[in-house]
Amino acid sequence: MAKSRFEYVRNFELPDPLMPNTFAVVRIDGRGFHKFSDTHQFDKPNDVRALNLMDHAARSVMEELGDVVLAFGESDEYSFLIRRSSQLYNRRRSKINSTIVSLFTSAYVFHWTRYFPNTELVYPPSFDSRVVLYPTPKEVRDYFSWRQADTHINNLQNTSFWALVDSGMTTTEANKTLQGTDSKEKNELLFSRFGINYNNLPPMFKKGSTLVRRDPKSVEGIAEVSTSEQANDGENQARRKVKKVRPYEGTTGEVTVLHEDIIGDGFWNQRPWLLS
Amino acid sequence: MAKSRFEYVRNFELPDPLMPNTFAVVRIDGRGFHKFSDTHQFDKPNDVRALNLMDHAARSVMEELGDVVLAFGESDEYSFLIRRSSQLYNRRRSKINSTIVSLFTSAYVFHWTRYFPNTELVYPPSFDSRVVLYPTPKEVRDYFSWRQADTHINNLQNTSFWALVDSGMTTTEANKTLQGTDSKEKNELLFSRFGINYNNLPPMFKKGSTLVRRDPKSVEGIAEVSTSEQANDGENQARRKVKKVRPYEGTTGEVTVLHEDIIGDGFWNQRPWLLS
Amino acid sequence: MAKSRFEYVRNFELPDPLMPNTFAVVRIDGRGFHKFSDTHQFDKPNDVRALNLMDHAARSVMEELGDVVLAFGESDEYSFLIRRSSQLYNRRRSKINSTIVSLFTSAYVFHWTRYFPNTELVYPPSFDSRVVLYPTPKEVRDYFSWRQADTHINNLQNTSFWALVDSGMTTTEANKTLQGTDSKEKNELLFSRFGINYNNLPPMFKKGSTLVRRDPKSVEGIAEVSTSEQANDGENQARRKVKKVRPYEGTTGEVTVLHEDIIGDGFWNQRPWLLS
Amino acid sequence: MAKSRFEYVRNFELPDPLMPNTFAVVRIDGRGFHKFSDTHQFDKPNDVRALNLMDHAARSVMEELGDVVLAFGESDEYSFLIRRSSQLYNRRRSKINSTIVSLFTSAYVFHWTRYFPNTELVYPPSFDSRVVLYPTPKEVRDYFSWRQADTHINNLQNTSFWALVDSGMTTTEANKTLQGTDSKEKNELLFSRFGINYNNLPPMFKKGSTLVRRDPKSVEGIAEVSTSEQANDGENQARRKVKKVRPYEGTTGEVTVLHEDIIGDGFWNQRPWLLS
């Protein structure tokens, strides 16, 4: 039972540090969510409850890990941006990757009943994830543009498809009808056949969900104020307490959810700390 | 919105294949389980409900991923052995690592109420994980020996500690009493002061939990039989159906839970397929 | 000029250890040796001088690095086997890879005039290299079998091709004549048209060159004897001195060059230390 | 002898791509150059012949690999900068690393007699090398600043040390004399005791050697002109021919050797293409 003679096996745990000073994006994807959404009768083409649950799970990740400054989600996927100077877990790749996907998964299952009060969770869903590194701000912006452009394309396609199916087509017929059509044709089809103005659809469907952390510097300022007012301010006390519990986990700016364009410059120019 | 001009960012997703023909061990660890077990009032030194929940979550992983042929768990950690010739997810490291920790986490939260019917889950727990590769069977055996020896050492320490505390000592006094004692002395202390014969403690506490998959070859034999008897055999039909849904995920031998010695040769000699 | 404020750049030098207890094969390949052999008028299909120079360069590598226990060469490539328990350079991949290719290149240029006394070296040749890891002895044997089988196939092809060209065919005609022929047909062509019995060709051409280190244990035995006889034995003194200079570089068994079969069991059964 | 059944061993050659769009620095270091410089009686503290040979070898690397845009050398080390958008060898780490160290080594041995016409090369020298990635221009500049600051510090130390030794001190006494002295004190010692004004030493000793490639765009401009004048212009024809032989190897701007400050902004501002 001498444990020591077995401990050499630890030597096989090789280091896996992320390159310093690079942006890390962790993207999680639902495993088998086609079946999962069927089993749990998700609304088509978009289920608001499911999207809100995804957003909630993503927010849980950001509240736990202060170095995640931005997240973008659509459908059954979510991407998390870790700031480039982060020293989270000494930048160990597996540790970062596994912690994020586990936090997300756990929150998803934990909060299920809040968003699906009348739908029993039949079996536990799961996600996979990967870490991708980007050396420059331009690539980070293009990454998130890629995901938001994908959101738009998928949503236009799915909205058209389910409009056709709801009108009585088989899925095969609907696919055939849409084959080879471009965005403009799909917009016209939606309007002329179903009176749907695509531009009037909810921003959440068209633009996905963006969770963004507030400027950590402003927050620090607020925190100092709150210290001097602590006697009368229960809410700030609570926040301070959280900071004490996890002082090592970096920035703690508040997280806001948005459903707006992140491809243009506006979003980024207003938040220079995201890419600094 | 042209998605294509952003797609180059995919080139930054670099390959991360595991070396072929090596054994992979994925070890998950609870994050902050000291606090989690306090919050949820786990029994000390061992909470049978929590251990059974861990075993259930591990079994869920093995039922989903046929190439996991063995798992060993203690406390808030679990190690999964993937057979050396596995082609699971083309041996992509991040995919394998994240899928296992997500499946485990999801099952843990999902089945919580089954094992803790009277204890509300206050917040979602999480785990991290890593993949370690081993080139030979000897190292795999030594890895699992290392974990089981650790189980024994921790359990003897914790059993002694909590016996002292339950008898009225402060935790500081208990730690001081145990400082520098070896296994024999702890055994004597337990017996002389508390009438506890360590050997009579439940095997689950002393030996941890071993989940082992049955010989996949025998199972294939059984599967053939079941096909010819399908009309009368609902249970086999169900199993066959599962196989159809995930035909690519390798072996499907049944999983058994054991609480016995895996350091000696006996366990392994009876199951040569684990290391072949 | 304060050097210290720049030193953080060292943090970008990430660790690159080879997995412990695996066999490492470093294969070097000539860069642009088609042109190099033309420029220096190598004999076709095999130039004995060039092959001997390759063997000499490989021997230099093995004399410098005691953990390289076996090497196999053909044409402009050479493969070096590092024993599985080696701690050479703490198993740093880049260090091992670059040292071997640099030692080989340096020796090749340095000894050129010895093998090509009448041919001026027109420009400096270069090689590239890579490290490949193998977890088991079987794969190591199959790796070297792969290279030796390749030697045979290339040599039979090249011998046939140049026999046709020497007999007056253009290279295009020769290629066309050989297209689609198997080994047996090439053997027959060589014998019937040119009276060449392929089996009688020099073993070096058919089997490549194998450099193998003697059992390090026997050598240690010899070394002990030599210590007690050192007064009268200048040669052994010299060898001992070398050992002192590089005591960290592992085994120092003598290196022998062979041109024989290494695909069958015989070669390996006689030298169990190579794969132990 | 069926080669095909062994070819599976190629699957163990795993991909090792460098992250896209990052700067790669390959640094080579002499192995055992303390002994090598003693054996070949290098002048102390600096041997102009040896430094010129290093520069020549570095130039050979840059002439072969057009994507190396900058190199810096001192003593027995040289660092090569590969432009960030390079696709050299599909950015394979081992291939790039081994090719550069082999080209350098080969050129060093090949050109030895040119720089040491009266000193026989006693044994073949070797180098090791590694690749370090940097995500931003700032880090690249700081890397080269680190090496040039190191050059200055080493040179001041070595110049002082050998002045003392040449004046009759033992090496032990010289080390003791210099222990704890800062730059200013060493400068004063050199001037007061030996009349050496450090600032007047050759720039090569104080600043190392910088090899820099000319703006590749200007070169392209020249190349276009040369095409239209090809009949009368032997020199440009020759250059064009070289481009045809290695059209895949990127930029082909001429390489200049400098011995000047590269820590300040001037050097870089004049050559924006190095970090673009």
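Read from first to last, the chains carry the letters A, B, C and D; within each, the first residue is number 1.
Assume contacts are C-beta pairs under 8 Å (C-beta built on N, C-alpha and C of every residue); 3 or more make two chains touch, one makes a residue touch a chain.
Being a predicted model, the structure only gives us computed values, none of them experimental.
Visitor: Tell me, which chains sit next to both chain B and chain D?
Guide: A, C
Visitor: Which chains does chain A share as contact partners with chain D?
Guide: Common contact partners of chain A and chain D, which must touch each of the two, are B, C.
Visitor: Contact counts by the stated rule: is the higher one at A-C or C-D?
Guide: Counting C-beta pairs in contact for A-C and C-D gives the edge to C-D.
Visitor: Quick one: report the Å distance separating chain C from chain D, using the average Cα coordinate of each chain.
Guide: Inter-chain centre distance comes to 29 Å.
Visitor: Roughly how many whole angstrom separate the Cα centroids of chain B and chain C?
Guide: Computed value for the inter-centroid distance: 46 Å.
Visitor: Suppose each chain is reduced to the average of its Cα coordinates; what separation in Å results between chain A and chain C?
Guide: About 52 Å, centre to centre.
Visitor: Give me the residues of chain B that touch two or more other chains.
Guide: 12, 19, 21, 133, 139
Visitor: Help me check something: in the complex, which residues belonging to chain D touch chain A?
Guide: 19, 21-22, 84, 133, 135-136, 139
Visitor: Under the definition above, what is the set of chain B residues touching chain D in their complex?
Guide: 11-12, 14-15, 17, 19-21
Visitor: Which stretch or stretches of chain D touch chain C in the complex?
Guide: 1-3, 6-10, 12-13, 28, 31, 60, 64, 93-95, 97-99, 101-111, 121, 123-134, 139, 142-143, 145-146, 149-150, 152-153, 183, 263
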